[in-house]
Amino acid sequence: MDGIHDLGGKQGYGPIEVDDEGTPFHHDWEGREWGIAQCARTPGITIDWWRHCRELIMPEDYLGRPYFDSWAQTDFATYIEAGWITLDEIAAGKSLVDNTDFDNPVTAMTLTQVLQEDHDHAVRFDAEIDAPPAFSVASPVLTSSHGSSGHTRLPQYARGRRGTVNAYNGAHVFPDLSARGKEIHQHCYNVCFAAVDLWPEVENSSDKVYLDLWESYLALA
Amino acid sequence: MDGIHDLGGKQGYGPIEVDDEGTPFHHDWEGREWGIAQCARTPGITIDWWRHCRELIMPEDYLGRPYFDSWAQTDFATYIEAGWITLDEIAAGKSLVDNTDFDNPVTAMTLTQVLQEDHDHAVRFDAEIDAPPAFSVASPVLTSSHGSSGHTRLPQYARGRRGTVNAYNGAHVFPDLSARGKEIHQHCYNVCFAAVDLWPEVENSSDKVYLDLWESYLALA
Amino acid sequence: MPEFDAEKVAEIHQHLHSHLPSESALRVKALETLLVDKGLVNPQTIDAWIEAYTEEIGPKRGARVVAKAWCDAAYKKRLLQDAPAAIDELGFLGKATAHLTVVENTDRVHNLVVCTLCSCYPFSILGIAPAWYKAAAYRSRAVRDPRGVLAEFGAAIGDDVEVRVWDSTAELRYLVLPQRPAGSEDMTEEQLAGLVSRNSMIGTDRVLGAASKGRD
Amino acid sequence: MPEFDAEKVAEIHQHLHSHLPSESALRVKALETLLVDKGLVNPQTIDAWIEAYTEEIGPKRGARVVAKAWCDAAYKKRLLQDAPAAIDELGFLGKATAHLTVVENTDRVHNLVVCTLCSCYPFSILGIAPAWYKAAAYRSRAVRDPRGVLAEFGAAIGDDVEVRVWDSTAELRYLVLPQRPAGSEDMTEEQLAGLVSRNSMIGTDRVLGAASKGRD
């Protein structure tokens, strides 16, 4: 979608607040939200559906609220959409259904268990597929000038642009369909774009931008 | 610039609040700002520089604050940039310089005078130029895929797109340069785009979008 | 004189973001106070501009143009060929109408006006734009989903009708000439003007009639 | 099970915009309270995740990978060829690093990592991303004006150095291998790890050294 999240190359966002205390969480609630997001995911959710739900946050909130606040809002939305919790329960601040899981609440995990889960959570998204890749390293490619009304990983700044295949990544879960619940693998490439081909104000530069793009975003240039 | 103001085709802004009381101003301050904007313009300002200054408002404010509030902020910014008022004066809430105009403040205008000024303010922005227009009605054209790091009237949704010249508008002040203080005329065309060529989700539609575009945004397709 | 320094203006906006009061009324008050104190603005002139755009200049002007075009074929022809000259015949030429184009609705065509990059509007014939016209939802969606937008306004557009969206560009602005309502043959020009809604001249209203709620 | 209904989610967001408290702490509290009440989350597990990403998992892991690559040419080769396997040798494989690519700085190349569409970050080796990495200013500017961004971080990049920006894409994420500091020949791997700043592994820091302030 052409949403507020598609920030690459957008102008007007001002200077960067480069100072950072180096602490992972600046407020208690940030840590709580991080923890919630790690241990409460609705069954059947995909990473791309969660991302798309974050993209669907109202633009004013997306820009105006803190980062982990937007995670909390995304969690709320995915839980409600999946029927895990209801708007009435949020208003009431407590469960309003006779939850069968309630007598058997999830057990506490220790630090060691959590560290093991983090290690086990190195999820791979690639797989072998039958179709041969359409492009190879050094292939000149042209990206689609159309976006998508739903979730996509082809950002606006890289649409209708010429680039060169830098590497073949294997066949990865295609985000546009994964965000609709369909996990289908498609060849994915790392594509190199010259900065001069992306930005009107750039001249005489050898700088590059690299982006991982799926086969259906690309055509042979 | 690829700013927050470039809203055409962007998604996620939700439903339209179609109800409107029909009154021109909903708060007193809106009328005051309208009036200020009509009678206080810095000498040498161009419509495109004023617009560009509005586009430069921080995205969060651009989306989050009421419309006439953004006018007030734009006025503040243009007055400060031109040296009419200073940040110190805003903080102090009063003039801090021995203003030579102060003894001779602008005189009050009556309703009749204001209505006459409105009528006289039907400003034309076109002029005769020597160069012949490059395109004629029905010419197929391709818009530039590059935007501009400054002010431009080629919106993102119409970049790198094929259209057809619907009408020749004459040579008009070129906004990209007018926003930098240079009033140069350039041929301007009304260009028709098929909705199917603009939006990925549109199929089997004869709907159209018409946009007025300057010659340097266009190439023969 | 402006220096046309965009970087400086961006910094000014950041400064104002932090230092101006957050309430809009206070911000505008601060602006007026300072301009008056510096002798750059006369508050009575502000009053006059408010009165002009509350009492005199508004959609009733556009409605009179539309009603005249319905009743006078020669006027309609002039209006479609050179709208500024035709509206000046009624004395309505003014702010932001010097390059006006009038686009006509037919049984097969519906026109809709938007300004995606700012909120351009033909002030001297329609007055101050409604809040929704200036809001992000309308500006973003009118070009991409005009039928969805029209449905939200209660205007259903048949599949056999082509929708034409006019994205206004700074000095070039648009007015929709809606279709004359059915059953209005015996009405006077003045009565007809009473049927023309503001929204119909922007294009978010299509079918006018005796049941039409008139200018909104 | 999700229904994958984007329109419904957009409406939920609008509802939450109006009905949730505005303070972030209260919003998250409301979420945790409800999930705990429904038996879907155990608060002690949340505590454990916070502890894991405060005490155990963070940029010191990435720094150890970098220092080892500086000291062990064979390891560096494995790291550049198959980063997930190489970081798993140190036990640091985990969340969001299964498809990690390591990109190497040289005298002629500087690498910078961003995620323009969200804020993808290699959690299990760098921990929680700094606030600026997740902010609109960095996400918008890193691809378009990387040298200006680097200058704001105090990193001047010579004209003879090519800047390569890596825009992360959901599961494919990046780590920069910075250059070993001059004059560090006699340092141990552990001492070297102490010189590697978090920012140097994202690419917003270039020249490390004894004067480097280390992990930030």
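Note that the chains take the letters A, B, C and D in the order they are written out, and that residue 1 is the start of every chain.
Everything below uses one rule, namely that a residue touches a chain if its C-beta (ideal position, glycine included) is under 8 Å from a C-beta of that chain, and two chains touch if they have at least 3 such contacts.
What you see is a predicted model; the values in this text were computed from it and never measured.
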item: Those chains which touch subunit D and also touch subunit B; value: A
item: Selected pair, greater C-beta contact count between A-C and A-D; value: A-D
item: Mean-CA-position distance for subunit D and subunit C (Å); value: 49
item: Separation of mean Cα positions, subunit D and subunit A [Å, integer]; value: 14
item: Mean-CA-position distance for subunit B and subunit A (Å); value: 35
item: Separation of subunit A from subunit C, taking each centre as the mean of its C-alpha atoms, in whole Å; value: 40
item: Touching two or more other chains - residues of subunit A; value: 9-15, 55-59, 63, 199
item: Multi-chain contact residues (two or more partners), subunit D; value: 10, 14, 136
item: Touching chain combinations (by label order); value: A-B, A-C, A-D, B-C, B-D
item: Touch list for subunit C against partner subunit B, complex; value: 1-6, 8-10, 12-17, 19-20, 24-25, 27-42, 44-54, 56-58, 84, 88, 91, 93-95, 97-99, 101, 114, 116-119, 123-124, 127-128, 130-132, 134-141, 143-144, 146-147, 149, 152-154, 162-172, 198, 204, 215-216
item: Partner subunit D, residues of subunit A touching it in the complex; value: 5-11, 13-18, 20, 22-29, 31-36, 38-40, 42-45, 47-49, 51-58, 61, 63, 65-69, 72-73, 75-85, 87, 89-91, 93-95, 99, 101-111, 113-115, 118-119, 121-126, 150, 153, 155, 157, 169, 172-173, 175, 179-181, 188, 190, 198-199, 206-213
item: Subunit B contact footprint on subunit A (complex, rising order); value: 1-4, 9-14, 55-60, 63-64, 145-149, 156, 159-161, 199-201
item: Contacting residues of subunit A [partner subunit C, same complex]; value: 12, 14-15, 59
item: Subunit C to subunit A touching residues, read off their complex; value: 10, 14, 136
